[in-house]
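Chain nomenclature is as follows: A, B, C and D, assigned in order of appearance, with residue numbering initiated at 1 for each chain independently.
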Amino acid sequence: MKLFEYRGKELFKKYGIMVPNGRLVESEKDFFDLGFPLVLKAQVPVGGRGKAGGIKKADNLKDAKVKLGQIMGMNLRGYKVRKVLAEKMIDIKKELYLSVSLDRSKRMPLIMASAEGGMDIESVSDEKIFKEWVNPLIGLQSFNIRYIISKLGLGKEEGKEVSEVLTQIYKLFREYDCELVEINPLVFTSDGNVVALDSKIIINDDALFRHPDIIPEHVELTPLEKDAKEKGISFIQLDGNIGVIANGAGLTMATLDALTHFKGKGGVFLDLGGTDDPEKVKQAFELMKKAKPKVIFLNLFGGITKCDTVAKGVKAVISKEGIDCPVITRIKGMNEDKAKEILKDAGLVTATTLQDAAQRSSDLAGGGK
Amino acid sequence: MKLFEYRGKELFKKYGIMVPNGRLVESEKDFFDLGFPLVLKAQVPVGGRGKAGGIKKADNLKDAKVKLGQIMGMNLRGYKVRKVLAEKMIDIKKELYLSVSLDRSKRMPLIMASAEGGMDIESVSDEKIFKEWVNPLIGLQSFNIRYIISKLGLGKEEGKEVSEVLTQIYKLFREYDCELVEINPLVFTSDGNVVALDSKIIINDDALFRHPDIIPEHVELTPLEKDAKEKGISFIQLDGNIGVIANGAGLTMATLDALTHFKGKGGVFLDLGGTDDPEKVKQAFELMKKAKPKVIFLNLFGGITKCDTVAKGVKAVISKEGIDCPVITRIKGMNEDKAKEILKDAGLVTATTLQDAAQRSSDLAGGGK
Amino acid sequence: MSIFVDEKNKVLVQGATGHQGVFHIGEMLNFGTKVVAGVTPGKGGQDVHGVPVFDSVREAVDETGADTSLVLVPARFAKDAVFEALDAGVKTVVVITENIPFHDAMEFVHYAKYKGALLIGPNCPGIASPGKTKIGILPGNIFKVGNVGVASRSGTLTYEIVNSLSEKGIGQSTCVGLGGDPIIGTTFIEALDAFEKDKDTKAVVLVGEIGGTAEEDAAEYIKEYISKPVFAFIAGRTAPPGKRMGHAGAIIARGKGTAESKIKAFEKADVKLARFPTDIADLIEKYV
Amino acid sequence: MSIFVDEKNKVLVQGATGHQGVFHIGEMLNFGTKVVAGVTPGKGGQDVHGVPVFDSVREAVDETGADTSLVLVPARFAKDAVFEALDAGVKTVVVITENIPFHDAMEFVHYAKYKGALLIGPNCPGIASPGKTKIGILPGNIFKVGNVGVASRSGTLTYEIVNSLSEKGIGQSTCVGLGGDPIIGTTFIEALDAFEKDKDTKAVVLVGEIGGTAEEDAAEYIKEYISKPVFAFIAGRTAPPGKRMGHAGAIIARGKGTAESKIKAFEKADVKLARFPTDIADLIEKYV
């Protein structure tokens, strides 16, 4: 889960890392004691806010009012701005980049640091980014910190302060099950402070159960998404008009790839995962119907999820409510023959191969034409 | 460093482990609110206090006064009792043994537990002591605790409470660099509490530097011991009358063994360690003189500590102050010949072998006669 | 021969008495797997399909000589379960559980390395050496004894591919599901290395997907060390960046882990790529 | 041949610029040891006897290919230093430092195992393979090339014994000081195992002392696995229980670690015991 900047900064404060004086603002009265100039920052869980106009400077109260009005409610990369953070402008002497993330290949936390702070890290050349890996069996050690600090060209006092920040963000990374803790930029102010000007924190969704203090931001779900979530069905919403029901992440992706190959466009994807409960299949199929795709493509490999279980669920919906779009099914694996019988009963024809099924679905949905 | 029982219990309290209500008592007024019956316990850093009369029950204030007078100042296995702990008597339902110590072979913390609490653990038969090792790379895990608890024949609620105590003493063991944390007995009271009735904690001396809150108990040093400590000279005081100066722990022990073989008795042992400073050798030799041994046996293998360095130090003392007991020297290794010259100058004869030197020293000290 | 596991593995199941445990112990016994023990704290003394259940792995190992563990416990207890198996001296641990916090996986993957144990998963369907053993939840009826090794980051997709191989008469030496999480114990590289050394494996199939750089790492390794023909399928060519496609691992995040990069790497390593999962069987027929 | 170390080891010294560091770098160079780097944080760019000094082990390894580290840093920095060496890929770490908290040693000993590295010490004089290399603070002039392997828990006592061997013309293959602490990385067992496999070692000398059960463990191992003649001396036969005889390890605590128990165990394993340290040479002359 991506934390909004202001939530990340709350965690920074908890770990003793300085952040600019600021707060969420909704109206004029919220500015009363922050002083000017201010920076107003749209709170959305995506990057590139600055370029998109989501960050503005305000020199006085009147200016702040106007800019707040401009930012609040604007649409930033698909997210409507509902929260704005106002922060006292800070006098910057030096900017650093500092992060802890996960190195999947080494299976270790990776510290990255650069004296080129404030820039998009992907655009900083490799030799200017210093990396140090931390073995999770022993945790962050003094030598890790020494190495990183020695590369940043800092004074002794500065080095000490950045060491402390690094120690704290590593702690935060581990204690809050983070995928990423990034401070960019970490700035030295002219009055000698080290301040995190931005925060980017992503928490591993699988670990949210042990962080009850991390409350998901209100992100609007469509009624369908909400429905799927409540029913525990994995639901992915893409741009296209073909509704796909499959089981397993790999097979779902392979199905999308096959559709795209035949110029079809995947829309709603429902992943049945490892269920073998006809009721859950029924719910998933009802959900799919509500999404009103142009074509439904049921692609299944039966293992734990048996083919006939799925067929029964599908048939239950169709025989009760009927169906107003074509349904292409392609079924393999455990109890495949039984399933084909059931689907035939329900008036559905099964394709023989994935290619065949994908092509037919794509054609019916008007792809490639 | 062995902590006194009351100090160990202070640490237990810090870690949320219940101990009996009590305090150190010096006079009548200290008993005012503890209630009776009480237990009075001599605070000395050795075991077997009960059998030696260092633990007494007091039924009322008068009784307490008498017993306090008996215990305070008594001599327990060489330690004069200067502190007495008074504790409210506790109604015991069940007693357990619980400890965390170091398994040197496995190089891991070892948890030991037994339902036979209150007894000397060495006298409990092996199959009644349950052992679980904790790997320091991952620390105490739920499965370690589950295993131990499952063996103690406890009720569900009791198991939970002992789990908590175990978690806490493991934490204490690691955080305070302990060699041993032992609760014997850990008792269930009839009102449902789990209470540590005794504490035995040994902290690794080498780690005391990072535990400034652990202040060494006032243990009387002889003037010589104090002197040695101040000068950073390793000093061991045994029963005998032969003063030994050697370098290195192994060689020191081997020297003691050789003396004993020839019926000699080692007295003061000075270990020069790895010094190569004639001044330090001089100080050590002066110290040895003050100990007034019947014979001085200088046994040296020169490596980092060069033989002639030692010889110079010895000569400096003898030529300045003279010497009033025989000095047997046996010197091998780096600059051995130079050393022998110097010692000859100082009027000392060097023996050729360890055996020869040990025998001569023993004979001179009157051993074996 | 086979890699990693064979008929000698003596398997214990952690989480034996749950719905999944009972079902899969039965399935494994049917397959011929030597399931010797189950472990569920507090359920010691029971049995599942005649397999004795113990309170702790330590006792299960002491009593039955189990050397392999299948972990089916819920995500929040998984780390403790894996540590318990490793400390009890188990030498192969297969972790099926999904949604394990990756910080937990990070710890137990390194601890397995310390213990010199093989850890497969988490979030994987397990491993099967047809004709010998199956340790996991893979459907038992899709396999056929043969000479193709399969290593995969995906579950159902593997079944699909293995099934299409078997239907064409192409049997397998070992099929290993590596797991769909960002942190897994055994990667393509270890599997490739083992397949290269296995006399009964003539060709290797890798089933990859977007996310991470496991495929790129594998491609580098193949160039250097692998002489046997390698075939691959990569899922997620058209998955949009930033969307999690069901697996925590299958995500194109911060520009890393795209299918293009993986395909390019494999092509450079002379790995034959299939466009559709079921094409793998045709490719193998053509080249082997 | 020799065990653990030979002329190929490329040594870096952690704590290179201190008094001890400078002295022993000189001594090792004199002995013929390949000392390729020193490490002292903040002193990168200096040199000691012509050996370049770096700020970090990682840089020292990158620049010089060092594969071995000699740790001479003060006790409170030792854990960090050992971790640093191991993380930088150093495969042999010799820890001279004494008075290291044993909880620290416990951690780095297990971490070395995880890394597959050999850790000798702490609180040891180091290791020497005469004619090849010396990594540590052992006096260089006491050795003689030959066929006796020596493993010892004690420092000076080892010098004494090695010297008496050399004086009698009995040379050594390798002499390893294992360290006098309760927790050490390499024990008699690993040393015995290596000596057993070493073609140039004809006999083994163990120098033990009171405290712990290392000698008893070794005796069990000798009975099972060691075919070469083993000789031993044990210091502290007459040390009183509860007294620390200079080493944190050399203590008879809670009834464990007595000399009698060790002597009995060795006798059962057919190990020849010397009554005086210098008798070892005579015993070897008699039996080999």
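The working rule: a contact is a pair of C-beta atoms (placed from the backbone, for glycine too) under 8 Å apart; a residue touches a chain by one contact, two chains touch by 3 or more.
In this text the structure is predicted, and so the values were computed from the model without any measurement.
Undergrad: Show me the overlap between the contact partners of chain B and those of chain D.
TA: Where chain B and chain D share a partner, that partner set is A, C.
Undergrad: Based on the averaged CA atom positions, which chain is farthest from chain C?
TA: Result for the farthest chain: B.
Undergrad: Using the stated contact rule, I'd like to know whether B-C or A-B comes out ahead in C-beta pair count.
TA: B-C
Undergrad: How big is the gap, in whole Å, between where the Cα atoms of chain C centre and where those of chain D centre?
TA: Distance between chain centres, rounded to whole Å: 43 Å.
Undergrad: Need the CA-centroid distance for the pair chain B / chain C, whole Å please.
TA: That gives a centre separation of 53 Å.
Undergrad: On a C-alpha centroid basis, what's the spacing between chain A and chain B, in Å?
TA: 58
Undergrad: When the C-alpha atoms of chain A and chain C are each averaged to a single point, how far apart are the two points in Å?
TA: About 27 Å, centre to centre.
Undergrad: Where in chain A do residues touch two or more other chains at once?
TA: Residue numbers touching two or more other chains: 135, 137-138.
Undergrad: Among all residues of chain D, which ones touch two or more of the remaining chains?
TA: Only 107, 110-111, 114 qualify.
Undergrad: Chain contact graph: line, ring, star, complete or other?
TA: complete
Undergrad: Using the touch definition up top, name the residues of chain C that touch chain B in the complex.
TA: That would be residues 41, 55-58, 77, 80-81, 83-84, 87, 107, 111, 114 of chain C.
Undergrad: So in the complex, which bits of chain D are touching chain B?
TA: 75-76, 99-107, 109-111, 114, 137-139, 141-142, 152-160, 163, 180, 182-183, 207, 209-210, 212-214, 217, 233, 235-240, 243, 245-250, 254-255, 275-278
Undergrad: Where on chain B does chain A make contact in their complex?
TA: It is residues 137-138 of chain B that touch chain A.
Undergrad: Once bound in the complex, which stretches of chain A touch chain D?
TA: 133, 135, 137-138, 141-143, 146-147, 150
Undergrad: Considering the complex alone, what residue numbers of chain A touch chain C?
TA: Chain A residues touching chain C: 102, 104-105, 107-109, 122, 135-137, 174, 177, 179, 204-207, 209-210, 234, 236, 238, 246-254, 256-258, 260-261, 271, 273-274, 301-304, 332-334, 353-355.
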